[in-house]
Amino acid sequence: MKQAPGVSIAIIGSGGAGALTSGNFLLEAACGAGWHGLLTRSVGPQIRGGEAAALIRLAQHPVECAADRFDLLIAIDWLNAGRFESEIPLGPQSLVVGDPEGGAVPPGIAASGARLVEIPMKAIAKALPEGRANMIALGIAGKLLGLGADLMLEVMNKRLAEKGSAAVAASRAGLEAGRKAAAGLPLAAEPTSSKPRDTRRWLISGNEATGLGAIRGGIRFAAAYPITPATEILEWLAPNLAKVGGVLVQAEDELASVNMTIGGSYGGTPSLTATSGPGLSLMIEAIGLATASEISIVVVDVMRGGPSTGIPTKSEQADLNLAVYGLHGDAPHLVLAPQSVADCLITTQWAVFLAEVLQSPAIVLSDQFMGQSRAAIERPADVAFIGQRARANDINGDYRRYALGATGVSSMALPGTPGGQYTADGLTHTERGVPTGSAAEHCAQLDKRRDKLEHFSYGDHWANIEGDGYLAVVTWGSLTGAAREAISRARAEGIAVRLLAPRLLAPVQPAAFARALEGARRVLVVEQSHGAQFYRYLRAHYELPGEVRVFHRPGPLPIRAGEGHQEIRNWSA
Amino acid sequence: MSTAEMRQVRRPGDYRSDVKPVWCPGCGDHHILLSFTRAFAELGEPPENIAVISGIGCSSRIPAYTNCYGFHGVHGRSLALAAGLKVTRPDLTVVVASGDGDGYSIGGNHFLHACRRNLDMTYVVMDNRVYGMTKGQPSPTTEPDFDTALSPGGTGLSPFHPLVIALASGANFVARAFSGEHKETASILVDAIRHPGFSFVEILSPCVTFRPDERQWKTMVRPAPVAATDDPGRAARRLMTDDGFNIGILYRGARKPYRPEFGRATADLAALEKEFEL
Amino acid sequence: MTRASDVPEISSLADLFAIAYGIEIDAVARYELLADQMETHNNAELVAMFRDLARAEGLHAEEIRRLAGDIDVAAHAAQLGAWKSGDSPEEADLNAAHYLMTPWHALQMALAGEERALAFFQRILDTAEDPGIKAMAAEFVNEETEHVELCHRLLRKHQRPPDSWSHDLDPPGGQE
C-alpha cells in the first residue's frame, strides 16, 4: 500500500545514549528546513538509563498521526529494543542502521524485510574528543534526510550553547563524522536547503500547548499534583503563570489540587488543574461540588493506558466514561477533547471560556500521544476566547446567587463584594443558596444547571465536520489526524468519505450531529478503547443512521492511517 | 472606603445571618458561633471581607449562620478550598471551620500540609470526639474504650494529639479553647486571626446528643499553667504531656507566612510564546 | 472551671445603670437564641416560654432605661464593655438546653439567672460606698428578689418532670 508522502525516522538507544535528544534536534532542523513534523517518544520504565525511542514523522503538510511504516531506523544500540518492535513497523523499503557492537538485532526487526546496514557509531564516537554516539546517529539521520549540514549546526549551536564551547565542538565533530559515515547510503528524502527563519511556525508539545491555551483563556491560578503524562503541563505553567502574574501551587495530592482550584475560582480567579486517569478518578467528587455550586474550573486529563495504574507512558481513549458519567447524581458538565497538538491550545482556551461563561467545570480530555509529542504547527491565531464570568456588583438588597432566569446562568458575587454574601454549597439549595430538600427547588436547580449548558450556542467549534459521502468516519481526540489521513487516501482512490470529530463531547449536540450525518448510510466509529466507550456513548445519545461498524482497540499502539484506510476500503467495495 | 471607615465599630449581630442553626440545643457549637461573631466584631473587618470555609459535619454548618462569604465544601477538603482562595485573594480574612472527623480523619493529610504550607489563615476544629452528623461513630480523638455501634466495646485505638501534629507540621500558632467559655474563645480567635501564618485553634465542644459524658468538660478544663511559648521544642514537650484540657494559647511561632507572588505580571503573552518560534 | 469574671468597676451611678441595663439586654438576646433553637426543634411550648421570658427581660430593660432618666444607658453599656469573660448574670446557660426540655427546666434556668443577678447586686449593695449607688443597688436588689419569687411561684405551677423526660422513642437521624 502506498504511503502518503513524507518520511519517518526512528532513533533508538539506551543507557543514556541520548536518542531523544538527537530526535528533538533532528525535528528542529527538519522544521527549520520547511518540513512539518511530529515527534513522539517511547521509553522503558526506568527513570534514567532506560531504552528510548524518538519516533519522527516528517511531511510537507501538518502531521497529526504516526506513519504506517518507518523509512529509517537508526539504532545506537539494540539493548531491550524488542520493546519497540511493534511501535516501529518496518518493511522492505526501510533502511535499518545498527552498530556492530550494539547487541543482537531484535528478531521482529530482523525479519521485517528491511535492509540492514552497520555503522560503528560507538567506535567512531570514541575516536573523537568527548564524542557521543547519538551525535553520530544524528549526523547519519541528517544526511539521509537531505538536511544541510549548516542547518544541523545552527540547531546544535542554539541548543548546546549553554553547555559550553567544548560540547558544541564535540557535537559538530560528531555530526560531521556521522554524515561521512552515511556516504553511499540511499537518501530517504530529497535534499532541502535551509529556509529563512519562519516565525509563523512553532515547535511545541501538546502539553505546552495546553498550558499556553489555558493562559490565553485567562487562567491565572493552577493547583496540581504531578502525574505522568500530564506533568509537563505543570512544568510549563509554573514559571509561565508567574510571568503573567499568576501562580501554580503544588498540592499534596489530587484531592487538594482540585479543591484548591475550586477555592481559587470561588475567589474570582480563573483556575485549572491537570492530571491523568487515576487523578481524575480522585477528583470526581470535587468536580461534582463545582457542578452543584456552579463554580468555573478546568480539569485537564491527559489520558493514558488504563484501567487503574495501567500503562502510564502510553496513550488510550478510555477515560471517556469517567469524564462524562463519573459524577454521582445528575450533574451535567462540560467535556471537551482536543484533536491534535495544535488543537490542545485552542480547545483548552475554549474550555476556559466555556467554564467561565457557564459557571461549570470543564474536563478537557487530552492524551499522552498529543501531550508528549512535539509538532511543528502554524502559529495559532489570536482567537478571542477570553472567559467572561457574570459577576454581581453593586448589589442592593436581596441577592440570589442561584437565581433562576432565561439562560440559566446567574451572576456570581465575589468575596469582598458588599451585600453579596452567600454560602456556596454542594448541598441542594434554593435560589439563595440555602440548603433544601424540597422537590420543587431541587428540580428547579437541576433544570437550571442543565438548561444553562444545553441552551448555549456553541457554534461550529463543537466538531470538525469535513467532506461528504455516504460513509462517515466518526472519531475523536488524537485519532482525528489518522482518520483524516485515511479519508484523504480513500478520496484519492475515488471513495467519498466524510469525517465527524466532535470537540465538545458533553453536552451532546443531537441536532448538529444529525445534520452532519444527513445522507450518510454507513458509520465507521474509530476509537482507542477496549470497551468501545465512544461508540456506546454515541449510541446512548445520538441517532446513528444506517449501518454502524466500530474499529476499536485499546492502547498502547496508535491506530495508524493505513489501518483506517483499509477499514474504509473494506466497507466500500 | 478608608481602612478606618471599614473598621467601624461593629457588633457581633452584624456577623450573624438570619438562618437559625439546626444544632441540637445544648451543643457546644452554639457557643462557638457566638465566639466567631464576637471575634469578627472585635476585629472590625466588614463581613464581606471574611470567608468562612468548611467541610462536612455538624461544625461545618457554621458558614451559613454567619453573614460572611462562605463555602460549605465536601468532606475533608476545607483546607484545600481555603488555600486556593487565600493564595489568589490575600486581601480576605480566611477562617476554616471543621470538626474532629472532617479535619483529622478524612482531612488528615490536608491538615499536615496546611500547617506546613503556613498560609495566613485560621483553622478552627470543633472537637467533640465523635462523629455527630452520622450518628455517633468514633473519631480520631475518641477515647479507646468509648462504646459505639461501629466499634462495640471501643476501638482500642489511642486517640492522637492534634496539637502536637499541628506543631510538628509547622503551624505557626497553636491554641486550645473550650466552647463553654465563649468569650475567652473569642479572644483566642482574635489572636489567632491576627497572628500571621497558619493558626490552629482546637475548640473542645461537647456533643450533647452522642457524648452526654462531655458535660463534665466544664469542670475539667483549666487555664494552661504556663504562658505561650515561641520555642517549638518546649511547646512539643508541653503538648506531648498535655492531658487535653489546658486552655489557652500554647505556641506562638515566628515563621514567615507563605505568600506566593500573585497579581504582578512581568511579561506578556507574546513573551511566553517566543520559546516556541522556529 | 472557675474564673473570676471580669466585671468592671462601678464608679458611678451611670455605670450601675449601664451594667444593669446590659444584664437585661444580654438576657433578652440569650432567651431569643434559645427560642430559635426550640423552634428549629419543634418544641412549641418552649418557644412560647422563651419568647415570654425574652419579653419580660425586655420590659425590665425598659424600666431601667426609664429609671436612668437622662443617662444614655445603651451607649454607656456599649462603652463599658462589661463581662469580658463568661456570661452576664441573667444569660441562661446554653449548655443546659435540650430539645425535649420542659417549662420546668426553662424556669429553673430563669431562676438561676435571677439568683445570680440578685447575688451580683447584693454584692454591690454590700460593698459600695457612694450613697447614690448604694440606694440604686438596693432598688435593684428588691427588683431581683421579686423576680426570684416570681420564678418560684411559676415553678410551683409546674411539676418536676419524671426522669424519662429526655427519652426519645425515635432514633437519631444521620444527616450527611
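Order as written gives the chain letters A, B and C; numbering starts at 1 within each chain.
In the analysis below, a contact is a pair of C-beta atoms (placed from the backbone, for glycine too) under 8 Å apart; a residue touches a chain by one contact, two chains touch by 3 or more.
In this text, all values refer to a predicted model and were calculated from it rather than measured experimentally.
The two chains most heavily joined by C-beta contacts are A-B. Distance from per-chain Cα centroids to the pooled protein Cα centroid is smallest for B. Taking each chain's centre as the mean of its C-alpha atoms, chain A lies 69 Å from chain C. Chain geometry summary: the mean Cα position of chain A and that of chain B are 42 Å apart. Averaged Cα coordinates give chain B a centre that lies 31 Å from the centre of chain C.
Residues of chain A in contact with two or more other chains: 427.
Touching two or more other chains at once are residues 176 of chain C.
Residues of chain B that touch chain C in their complex: 20-26, 28, 30-31, 56-57, 75, 133-136, 178, 180-181, 183-184, 206, 208-210, 215, 218-219, 221-223, 247. Of all the residues in chain A, the ones that touch chain B in their complex are 28, 31-32, 197-199, 201-204, 208, 212, 215-216, 220-221, 223, 240, 242-247, 249, 251-253, 255-257, 259-269, 271, 285-286, 288-289, 293, 376, 379, 413, 415-427, 434-435. By the touch criterion stated above, chain B contacts chain A in their complex at residues 17, 19, 46-49, 51-53, 63-64, 67-74, 76-77, 79-89, 91-92, 109-110, 112-113, 260-269, 271-273, 276-278. Looking at the complex, you find that chain C touches chain B at residues 1, 3, 33-34, 36-41, 83-86, 94-99, 101, 171-176.
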